[in-house]
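Consider the two complexes below, in which chain A is the common component and chain B and chain C are the respective partners.
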Partner chain A sequence: MSAEIKPSKSLLHNALIKIVSEKLSLIALIIVFLYFLVAMLTAMGVLASNWGQEIGQSYAAPSFEAIKNYFGLDIFGRSVLLKTIKATETAVVIGVVVSMISIVIGTLLGMLAGYFGGFVDELIVWFYTTFASIPGVMLLVAIAFILGKGTTTVFLSLGLTSWLGLCRIVRAEVMKHKEREYIQAANAIGATHTRKLFNHILPNISHLLIINFTQTFDSAVKAEVVLSFLGLGVVGRPSWGTMIDDSKLELARGVWWQLAAATFAMFLIVLAFNILGDALRDALDPKLKGK
Partner chain B sequence: MNMYAYIFRRLLYVIPVLLGVCLVIFVLFNLVAPDPAFTLLGKHATQLQIAELHHELGMDRPYWVQYFDTVKTAFTFDFGYSWTSKQNIWEMIKAGAGPSLSITGPLFVIENIFAISLALLVAFYRGKLVDKIVLVLSIAGMSIPSLAVVLFGQWFFGYKLGIFEISGYERGFPQFVPYVILPIILYVFISFGGETRFYRTVILDEAYQDYVRTARSKGISELRVMFKHVLKNSMIPILTQIIIQIPTLILGLLFAESFFSIPGLGAMTINAINNSDFPVIKAMTILSAVGFILFGVVTDVLYTVVDPRMKLK
Partner chain C sequence: MKMPNVLLIILSATFLVFAGCTKKQDSNERVLNLVSPAEIKGFDPIQADDLYSGREISKIYEGLLQYHWLKMPYELVPNLAAALPVISKDGITYTFKLRSGVKFQDDAAFAGGKGREVEANDFVYSIKRLADSRNQATGWWVLDGKLKGLNEWREKNSKLPATNYDEEVEGVKALDKYTLQFKLAKAFPQFLYALAMPFTYAVSKEVVAKYGKEFINHPIGTGPYILPIFDQGKKITYTKNPTFREKLYPSDASPEFKNLLSDAGKRLPLVEKIVVHVMKETQPAWLKLNKGEIDYYSVPKDNFATAIKNNKLSDELAKKGFILEIAPQLDVTYTAFNFENKLFHNKKLRQAMYLAYDEPKANELFYNNTAFPAQSIIAPGIAGVDKNYVNPFKGPKLTEAKKLLAEAGYPDGKGLPELKYDIPDSTVSRQMGEYFQKQMEQIGVKIKIISSPWPEFQAKVKKKAVEVYGLAWGADYPDAENFLQLFYGPNKSPGANGSNYDNPQFNKEFEAATQMQDSPERTARYEKLNKFLAEEVVALFGVHRQAYILEQGWLKNYHPTDLHHDAVQYLNIDTQKKAELLKNF
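What follows is the complex of A and B.
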């Protein structure tokens, strides 16, 4: 009779096991981890801290004489490899900050609308319908244009345009959850609204936030290119967007390495996040299983 | 509930949304935006000049009057004049719509037919090798930055191989055809991944429903199940996805148009951004939002016609 009951694993724990046990999603996870590691090392100044240094002739072609020359040099004779590495930090920071902004706005508004219903709900639904009625690109362009060039602009314009999807999903999910027994039980012991919302409901919908993070990260990294192209991107540090944008004048002269390096670096992390996002959705949202 | 009452209510809801959109645009362009005096008059403007400019642009009037003006433009399309070219903006939009639509129109048709057929094919062979290959290609295609595709495509196919016109435009059919082929091919490549994946999910959503199993158990062939049952029922999300793209067609292609020197609305928007031409950006934002709202209504009304379940809500 001493059969011990194994402690049950949490949804997240289960999801992690599933992701690690599948080859493709494991590789994606490792790639994402490596990018974050590179970003962290660059931020600390361990890696590519001398990216701005002139190390050779302008537009010197890729060569194998030194690691720095593997991807060639840019117009100012700077190493494209070091720039690409430094830009990883920019991309990861943009992805994380933008996702955080969108998650905070989307979750908060979605929870309030779904939980309180009535007038609050109508107001918030009107608010997001309004934002959703302006085509995404145009809203992004308008906000970025008005705020002017700079890193804050990139964060704000992308963050303010990417919370809509999450808000809608969270609202629908909270509406279902507030009728559940555990909320009735919380009601019975006199829990406050804040407690019910943040201590009880939020943990139960947190998987939506994680899935949303992978999607927003992806779209933010991709949208940064759009902003760079419009001349509204980050300044003072390299980003994949500005590198791709710079190469529009270089291609005709046969300088392809800057475009190739930035595109490939971006392609790999966006792809990895795409795969990881799918795997997470399958693992965390049992309703969608098998699709 | 009666269908007409539903449609009427849906139409009424346009009013608060339109007012809201105008509010967002008003807040952005009239409250948050930097003083246009800096762009228009330069650094050395006198107080008097600034005051005159503010009066000329109507910025010295109360905010509610300015907001009302913004709402009015959503109905009259009287967007005023461009700050850089001094042209009437509505005339500029009319001139740019043709070139833009000559790319986005064919693109829209080709891309959707291509993506839906591909999605049907892989849904039919779901789980098989074809499905996996297309899925991998779609995700890979989605992960390539579109600007890189446009840059590389223009350089490789237009410059290096010289198969297509590299830039320029001529008005009138069929003169414009050679100029739009390459942008269309590149954009089909850019968008097929996301579209195919979306349609595949939509079709597979239906493919696992109970009625499909029933149809199969009656001995209906797989092909017939796919087209007669599954496709018909997945038509609603597919139609929504298609209709909601229509208003964005007018926006043109933001990247490609300026690269290929096509005088469309995408290129106009880019020019306006480069020249800090506020009224043009504001006009494009209002125009695209009005288009979105109208087509949203059309989609919802079509829903009630196509899907009887909608009437109950």
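What follows is the complex of A and C.
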């Protein structure tokens, strides 16, 4: 009996099909996509470029006169809706940049430790163990104080403190993979370390990086809000953290809309990323395949 | 239901611990609860150049003179001095007799742990300590060039391996145990005010020697309260000094303070304990005030609309027994330039920036329209302010601002680098920074906001590591000289002239005016200097604020004041009334 041999679908392709077929994860994916789209459009100046403009009375309450007034106005009479949209850009940029920094550092160190073992492994394990022993918030605050305040500081301070988890996982995974047959085969044909690490092992552990991205993105968005609330975060451009920081005073006047807008915007993306992260883990983890 | 014994014990212990933590103050104990809106740098009088540190230091240390608690206009009266000084006819020699029997607070630094008597030599030492360049005293400006031979002593000793405190200085001498003599380098009628400021408070040589660098955290003075150690915490607890001399509540008062005489003749201080809560954020402090846990606090800007209507308290607050005190402050807010940066030598740039700034709007946003617009540096209520004068460069006049900016060489801000704007790190300061940024954006001037904690912010100003920064100056004494000296060249950072402005013409005229006795001619000169600074736009002058202070109904003898750093010793708590009023909270 003969049968047509179809090329098998890639892991990612499979995962995507699985996510799209589930309603909840599809909604989460759409939300995330929309946030990224909004961020891109604001960065290009298509959306909310005039967020700094004064459009009415200071602290005017939400009204349905115009779209800009839906979420009310802030202390300087600026639209809270436009600020929330502009802050999306801040959040997404921070989420992406921080995740990238953390993935690059975590993956690189994890792979080196897991692949070479011995002294390299000991050194890297010692390094991340020491790093992990410093309380996270303290380290963040210390880095922010040394580097001064601003967006770059937030990138670096969050990126430099969030690679530990990934490094550990990648190390363990690489240790496992380097004993597998396909690596032994690569050894047999004389492949270099670089080739084995980046051409063979890395694609096989890439699902971990994707899952980790969703988690780091999530925590970076939350950490930025905490830093801004403590006065250590983004200055001079809207961020959900500074909006919430403003609200702690404004609530005394009965001005709740800035807090509500920023909290809701943050809640939605964090929730969507959490759901997406779960769905990705289910879809990408080979152990859960078929379950 | 049965509960295992161990669990029961753990639960009871937890309950006891929490009960201990939330222990309420005994309403019979007279404790003052106050707020400091900024961190305290430390307790060294010679470094007390900010209001908040000055207030704390004055609870423990004292000087020769003080302001009468119940007299307005401000009147200097003796404190550690037995009487006001005898002043020579030429206004050069000031001779003080000291009060006898005044003792330093007990400390291990003294023989037997018992504080010794204060002598004239202690003041000589304290003044020299202020002058010692090794101490980098932030208060040195107050005596810089004022006392005969002191600058020379400072200069000479800075080159020696160690400062020689035994070397005699003609300008400050102890004639005997209780007689202290100052000789001025030239007439300086404001000199007596300097002796009521924290910088010249008496410190003891033994204590400084014992604690060395840690002296800043071990305040041992002669004042009404003691603080064994300052731990930079968020709560500073002072207790009554058991060896405090017999000092009485004043028995005479200006007409407006006659109602504050109920404690006349009583021995000071009137309360046993003071708790100062360091609270940078206004809302927690406001909530504490509304729970009756703080005795007075100024109304935060965001609570103003609900708390005060037509300059009267809301019914809800009035029912709780609160009293509203409104008083203009002797202060000015301003945005300073660091003139070390050549960029700001461009007068048209400064004028353009000032013209772009919408100050009436800022007054509405940040002061609920209660502040008075500042035309120049001197606060109203002090001789030297022309009431009818309006600064021609006060904004908002955008068209003129843009025109001047182009004339300055930066049309629409082109070619002008991004300016760094330093602020202390509170939410309101950030909002003010954002407001400034927004105002400057209108003419194309780009601003980057940099925020730092208050002590760090001050350190940056002292190190000249700032470009543009927002600040307020509260009078140290009721004389225009105290405001004008903010732009006097020799007072550059680390002195009070944080702008590092140095204009020979201004310096010369300032020196001439400040040597004159109070007279219409001197006032005219002050006015002229004030206008000169206004039109030079040496800073972007903001507002003169008004204090809106809520005082608990049980607090006695309180009145808002700018200069009485030592006010707490006169305050009292009516414990019976407190117990009654607290029922309404």
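Everything that follows uses one rule, which is that the second predicted complex is superposed on the first by the 284 of 291 C-alpha atoms of A that agree within 3 Å, B and C clash if a C-alpha of one lies under 4 Å from a C-alpha of the other, contacts with A are read in each partner's own complex, and residues count from 1 in each chain.
Throughout what follows, a residue touches a chain if its C-beta (ideal position, glycine included) is under 8 Å from a C-beta of that chain, and two chains touch if they have at least 3 such contacts.
The structure displayed is predicted, hence computed values, not measured ones.
Asker: Using the superposition on chain A, tell me whether chain B and chain C clash or fit.
Answerer: After superposition on chain A, chain B vs chain C: clash.
Asker: Quick one: is A:T130 in contact with chain B, with chain C, with both, or with neither? Answer first, second, both or neither.
Answerer: After superposition on chain A, A:T130 lies in contact with chain B alone.
Asker: Which partner chains sit in contact with A:G148 here, chain B, chain C, both or neither? Use first/second/both/neither.
Answerer: In the superposition, A:G148 touches chain B and chain C alike.
Asker: By the touch definition at the top of the document, which applies to A:D246: first (chain B), second (chain C), both, or neither?
Answerer: In the superposition, A:D246 touches chain C alone.
Asker: Could you look at A:I75 and tell me whether it touches chain B, chain C, both or neither (first, second, both, neither)?
Answerer: In the superposition, A:I75 touches chain C alone.
Asker: Scan A:G52 for contacts with chain B and chain C and give back first, second, both or neither.
Answerer: Touch status of A:G52: second partner only.
Asker: Who wins on chain A residues touched, chain B or chain C?
Answerer: B
Asker: Mind working out whether A:I67 is in touch with chain B, chain C, both or neither, as first, second, both or neither?
Answerer: After superposition on chain A, A:I67 lies in contact with neither partner.
Asker: Touching A:G231, do we find chain B (first), chain C (second), both, or neither?
Answerer: both
Asker: Could you point to the stretch of chain B, among 42-50, 132-140, 150-158 or 204-212, that collides with chain C in the superposition?
Answerer: 42-50
Asker: On chain A, what residues does chain B touch that chain C touches as well?
Answerer: Shared contact residues on chain A: 148, 231, 245, 248, 251-252.
Asker: For chain C, which residues count as touching chain A in their complex?
Answerer: Touching chain A: residues 281-283, 286, 300-303, 305-306, 364-365, 425-428, 430-431, 433-435, 437-438, 441, 447-451 of chain C.
Asker: For chain A, which residues count as touching chain C in their complex?
Answerer: The touching residues are 52, 58, 75-76, 148-150, 231, 235-236, 242, 245-246, 248-254.
Asker: For chain A, which residues count as touching chain B in their complex?
Answerer: Answer in residue numbers: 126-127, 129-131, 133-135, 137-139, 141-143, 145-148, 222, 225-226, 229-232, 240-241, 244-245, 247-248, 251-252, 259, 262-263, 266-267, 270-271, 274-275, 278, 290-291.
Asker: Can you check the complex and tell me which residues of chain B touch chain A?
Answerer: 16-17, 20-21, 23-25, 28-29, 32-34, 139-140, 142-148, 151-152, 155, 159, 201, 204-205, 208, 247-248, 251, 254-255, 259, 269-270, 273-274, 276, 281-282, 284-285, 288-289, 292-293, 296
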